[in-house]
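Read through the structures below before going on.
Okay, so chain A shows up in both of these, paired with chain B first and chain C after.
Take a look at the complex of A and B:
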């Protein structure tokens, strides 16, 4: 019996020994995805029950706390601006010429009918700073070999206490991501594709978000031009910039 | 005075149709004023009773950060119930309610909700919290009919509830709709889900905490508690009182128009009577009546319109209004759709004070408009009046 247990333990530990360190993978993911700041244009395709809508925007982000987005298309949304500072969010609507702070119930509403809520937009953290990671296996995603990495938050303030990532073995970029509630319920899934090498880092230019509790085909998020570590003046992240 | 009264009555009846037209219009104003005010009073009483029994209780304690009109405050509006308040909860004179925000996903749709935790054993509010006390392993929830309609949920349905705990971490679970209740108070129904208090405290990582504490009805003493603000009934029902006040003010316009029509007709009748009955006025004076007595006669004649209108109004108004007070009036649109506490069927309340006040106001107003043109009599020369000379 003891011999059997010893063999079992040995086989489990040797199986895990084949896998790389989870933290190392997170570090490499953060190196690819995170930057001090970035400026990018994007296209959000929202698939509704009958039709699909496309919304184009330009976003400036600095670190994990600051973000400013201006909507460019369609004409109805043109000029709408969104400012995130820490855990606060303001939206400026040009039609009413008013700035409103999004809070409470409204933070849980979807952004322009997409699968992303305002809360989701406010979550943008370096994984290494908030999660422990364990590589639990290897699988293929979109024809590419990936490590399956299970992330558990050590920070109780993280919105998603559990994540599961399928990380491209070669390019160290997640190709699929699942976000779990504390109870283990799958809440959201995102699939990342069109990975390109930009200034020496791999970056996915297309992400499909899907709220797993909601019906629908999900929301596509396609990144156009992206600049990493560009100089962004401080006034960009000010409330005064919303009305400019 | 009796003679003036008798003469006035005879003259009025003698005037025939003109009198009756005035009386009909005035009686109509009477009945409509009482009816309108009766509806508002009935609504006020019903809304007050419903709000006390469903939401306000005998007053409330609010956690010091709580402001129901400011969603920013809700995530920080919770505190442990300790000391005196804990004793009051133990004695059943207070019931704690924990309030937080979340999202439900009925039929694949996303719906933001307020999640409220209430003690299933509480007896202070009319919310049927006993339905939450089920022995099964799943989480029971109750909702109001308005919430059930907007979410298309039925008793026995399971729905996914997502929320953020006190640290901001997402959590989700299935809840079972254990019951649907019907209420006239939309503030405990629309976009709200009621769960057992202990379960919600556990889900939110807030053991023993609450957002508000509802006092037993007819509570008169509110011992002070640190970190909690006392909200008495005057404060809790202020919104409702303001709505009723604004409706009453709006109703004043209607009364004003009706009264003006009726009083204008009486005024006109009086002016015409004094103009056409100059010889009669001269004769009264010649026969020994003083000018003041003649003015009193004409004023009584005018004021008698109000007496006749009261009698006529009573003839058709009492059965009509009594029928409505018994059967109530149903409105095609529910007030709860607009966030107002309003029953589907309103039962007007006609208090004795309302009726007496209305009669008095109409009598006084009629007397004034009758007296106004009659003052001219005091300046008449009886000889010219006898000759019918226009003065």
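Take a look at the complex of A and C:
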């Protein structure tokens, strides 16, 4: 019996030994996707039940805590600005000249009716800081060999308590993601494509998000220009900048 | 003989007083409960019809499937032309467009930043078109407790409770944060014209009322409406009329394959009101049946006690030659007299209480704090023609049945034993 158990343990450990360390993979993903700060323009195509809409914006982020977004298109949204500092979010509406503060739980609401939440859009969390990772297998996604990595959040307050990533073995970026609630419910799914090498890092220029809890055909998030580690003046992340 | 029996009942109060009191109390309770229940159910149905359901309501099928979420992204497009068609095709109904929406009320401080926020349910209704009956239909004029009705676009009414929580007064500016028809964030400024109390917890917790044109602008719903309500010109819900109109409309307009095609639903198909209407008649039947049964049992027992007390009297009457059937018949006549007078007294007493509840009602606001359907907080009775006889007939019947049951004992008396019993 003891021999049988020993063989079983050995075979399990040898199976996992074929896979790389989860933390190492997260570290490489963070090196590709995260940066001290970044500036990018984006186009969000929201496919609703009736129509599709396009929203364009420009975003400045610094670390995990600071983010500023200005909407450029359509005309109704032009000039709307959002500032996120830690877990507080302010939205400036030019038509009403009002700065509205959004409470913490509201950060998980949909942005402009899309499949993205404010947290999805404005946060640049380094995975290594928030999740424990285990590689559970290998599969092909879009014709590319990937590691299947399961992530579990350290912090019970994280929006997504579990993640499942299909990470490109060669380029170390996820090509597919599934986001889970604590209960195990699948909340969102995303597919990352148009991967480009930008300043030595691999970066997906197109992400299709699908909120699994709402109707609609999903939201395409297409990144235009992106600059990593560009100098961003501190005033960008101030409330005074909302009304400028 | 009736006069003879009547005198007997008056002179021997032991024979009549207890059954009379029992019948009167029972009838009174039936009258009060019936009128109260009728009032509560009627008020609830009318409140719901005027505020949310209409007697019939037109929506898109997709909207109807998610009605609780007020999904204005699934609203009726070109609602104005559909309303014109409805007015032409079904002139027996008044047709009104409404936008029902949810959102946040955000109150700015002096620097324009958020001072307070609260959840709100809003109604976009026609406030300004000359001849619009919406203000009176929703009893808004009488509901204003501070300030005044909106006079121009951009002005709203807000529930007094929400205004008080957020320290708002007439003249203050608030921002509505909601979603546009296309899912974008909507932020729109309004000026508070007045505060209102509707007398129903669901609405008083946090309602705002704005002109539908303002709401269309705020939620980017030009030409669209979430709902088109149809209210019968009869002034009350007529189940047959509503069902016929809904069937006729759905035959012409509804396309099951298209989730955005319009569908008409009657009041009975919304907010579980169908169950309320159906159960109300069942409840009334059960109420009368329980009363009849309970009173019969009580009066049967009262009759048995009376029978014991009058054991000697019946024995004497049988001994001197009165037929058992005649004794039984006189008891029945007595019971009819008691039943009639008891019922009359019960109806009179019940009507006094019913009138009181009809005028002043019973305030159950404390029990309605978490209500999720529109119901008045002051529950008022309603006296209808049925109220006058709902307790009267069961009152007489219960006395009659009780006496018939207890009087059976007369037929068990052995004539041969009577004198021995009397001697004893």
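The criterion applied here is as follows: the second predicted complex is superposed on the first by the 227 of 244 C-alpha atoms of A that agree within 3 Å, B and C clash if a C-alpha of one lies under 4 Å from a C-alpha of the other, contacts with A are read in each partner's own complex, and residues count from 1 in each chain.
As a convention for this text, a contact is a pair of C-beta atoms (placed from the backbone, for glycine too) under 8 Å apart; a residue touches a chain by one contact, two chains touch by 3 or more.
From a predicted model like this one, the values you see are computed outputs, not experimental measurements.
Participant: Put chain B and chain C onto chain A via the superposition and say whether they clash or fit.
Facilitator: Once chain A is superposed (C-alpha atoms), there is a clash between chain B and chain C.
Participant: Identify the partner contact of A:244: answer first if only chain B is touched, second if only chain C is, both if each is, neither if none is.
Facilitator: A:244: touches no partner chain.
Participant: Under the stated touch criterion, which partner chain does A:110 make contact with: chain B (first), chain C (second), both, or neither?
Facilitator: both
Participant: Would you check which partner chain A:169 touches, where first means chain B only, second means chain C only, and both and neither mean what they say?
Facilitator: It touches nothing on chain B or chain C.
Participant: In the superposed arrangement, does A:182 touch chain B (first), chain C (second), both or neither?
Facilitator: A:182: touches chain B, not chain C.
Participant: Can A:213 be said to touch chain B (first), chain C (second), both, or neither?
Facilitator: First partner only, chain B.
Participant: Which residues would you name on chain A as touching chain B in one complex and chain C in the other?
Facilitator: The overlap between the chain B and chain C interfaces on chain A comprises residues 101, 103, 110.
Participant: What part of chain A is in contact with chain C in the complex they form?
Facilitator: 46, 48-51, 53, 55, 76-77, 80, 90-91, 93, 95-101, 103, 110-114, 239
Participant: For the complex, give me every residue of chain A touching chain B.
Facilitator: It is residues 101, 103-106, 108-110, 153, 156-161, 179, 181-183, 185, 187, 211, 213-216 of chain A that touch chain B.
Participant: Write out the stretch or stretches of chain B touching chain A in their complex.
Facilitator: Residue list for chain B touching chain A: 71-72, 74-75, 101-103, 105, 107-110, 112, 114, 160, 162, 164-165, 167-173, 191.
Participant: Hey, which residues of chain C end up touching chain A in the complex?
Facilitator: Per the stated touch rule, the residues are 62, 73-74, 106, 108, 112-114, 117, 175, 177, 179-180, 182-185, 187-189, 220, 259-260.
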